[in-house]
């Protein structure tokens, strides 16, 4: 039971994906105890899971899984594996470590549409929860993608079996995807992407103003991603009208 | 005894209010061990205490209290309770959890002056340490408050029994209250508010440049608020001339 | 053994200096477990080690030392000691606590070249690993230093026995040393300083764009400093081409 529970009501809330960029076990324990109930996915950011001790990564993954959270390594690590022709080993190692999800992306490399579809299908066939990501890490390359092209990628990914599609915004959330150089939402861009069905999307929203804007626009059921671990609780309050920006508005 | 204690001298220091936006027990233990001696108040930011397990919040509050720190839930939660007509339940639950302080604010809602005074009095009568807050969370609304109006609110709150009055600056510290869009102090505004007596104010100063400017302006006895947990030690060094910005100047 | 170790190859990597601005023991344990293998130096920022309990500082230092990490108090604390004429006591206390390194700087005070050389020599004679720092904490004073003057200081410090020389960028990394007001590298400035031999320098690079730019410019063997504790793992991935910005480029 939560403290002050007579002030809140139970309502369906969107998924929250948190970005773990290298927490230790004490921090993971804290995060789960404080905010675990509000977290659906933990992404082990980009290649971070490949530079720490394997036992430690296993223990972290096990702790998150035990709390009912889906865990997956960042798409950048998958891209490195694909680049090296080691996708089968990648899936095997991910499973051996205990990851329950796989992210398929081409943010840092070039992967053709057919291969992309295959990667998604193979990960699903291997029993993973599959999340794909649309967008380029390099802003110049990212700007070349039109909203229509992004929408087509989203729909293709969903057709190939992706459970959710992430809209890329990186850790910083500026000058990329649906955000302008100040991190503000480009409405015309988002409007096109939303045609895929907002419920299928996880919108990366690392900045508070973005989280607030998306909750006010789509309601608390919107799925938000790349939430910093220390902001997981804040996002839970924004969704529930318990932070100044959304009091009386959700 | 502190390390290198022959380099420092004991002097009266202002109060520091730290913003806990969802720490876990390991982090609370760390914060108290490292910086507990420099912290007077811990605010459980806005409605964060209403989205975590009640036992966990109780344990956190107990740990802070045991270290001699006054604990209180953010004013936004009080405003939600008042909005729902549940102020008595709010005070009861706060006491049952172990909170020793109450913050009275109208940053996100409209509360008339008479009610505000009543809220302060009731919280004092219930045995709480009472801190009020002046300012609006929404910058547009906040800008409508003149310095003279703010000063009148501060004086009224003190008259009604508030132990301290906080100058609102939110977590970000920009474009609000005494700070311009770059987070720099608006001297003409602060000058008016200081007429209430700086010793009665807790000035929210989340950014380092603000902490430095206020310590240089009013000396190390100035009361600072909304300090990020990871900056509590830094603020202690700024007050003592142990950070570059204040070496030889305090 | 690291997770996904078939995706990475062992190569010599540059030193990473991490800025500890007041971690507790749980956080130190986490940092060492997650990223200890990638950290060469931990700086206890500015005067932070003089405002916490001595036993706690000793325990933190011991934990880092046991992980093979060189520990030292920030140069600002040395400057305060020198200002008070207590350098001998300072070195004794640092040794008694267990610090294995000393940083010599004049970022916040004025120390003439002869004294600076003496400080470096005395610290070396006392058995410490010695790192000096070039640059002023106050941007106005810092801008008065020409690249040629900085280069001369670097070379003099190395001549006096400094093991490395740090290029100052503070915690924020903007409008100081080799960085302009946006935190971007001033190439003409860096080019001059690099004449001292990049391998002798630790370049403070608190911002991700700086870390990426320096790794792309000098390769993964470049020594980087003032890395936030939560970014230690990210820097390890940037050096290894495991983050979007450097995939396929290092």
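Here the chain labels run A, B and C in written order, and each chain numbers its own residues starting at 1.
Basically, contacts are C-beta pairs under 8 Å (C-beta built on N, C-alpha and C of every residue); 3 or more make two chains touch, one makes a residue touch a chain.
Treat the numbers as computed from the prediction; the structure is a model and nothing was measured.
Under half of the residue numbers at the subunit B-subunit C interface are used by both copies of the sequence.
Between subunit A and subunit B the CA-based rotation angle works out to 120°, given as a multiple of 5. The centroid of the Cα atoms in subunit B and the matching centroid in subunit C are 34 Å apart.
Subunit C has residues 26-27 in contact with two or more other chains. Partner subunit A is touched in their complex by these residues of subunit B: 21-27, 45-54, 56-58, 73, 76-77, 79-81, 83-84, 86, 89-90, 93, 97, 107-109, 137-138, 170-172. The touching residues of subunit C, counted against subunit A in their complex, run 1-8, 26-27, 29-31, 33-35, 37-38, 208, 230-234, 236-237, 240-245, 247-248.
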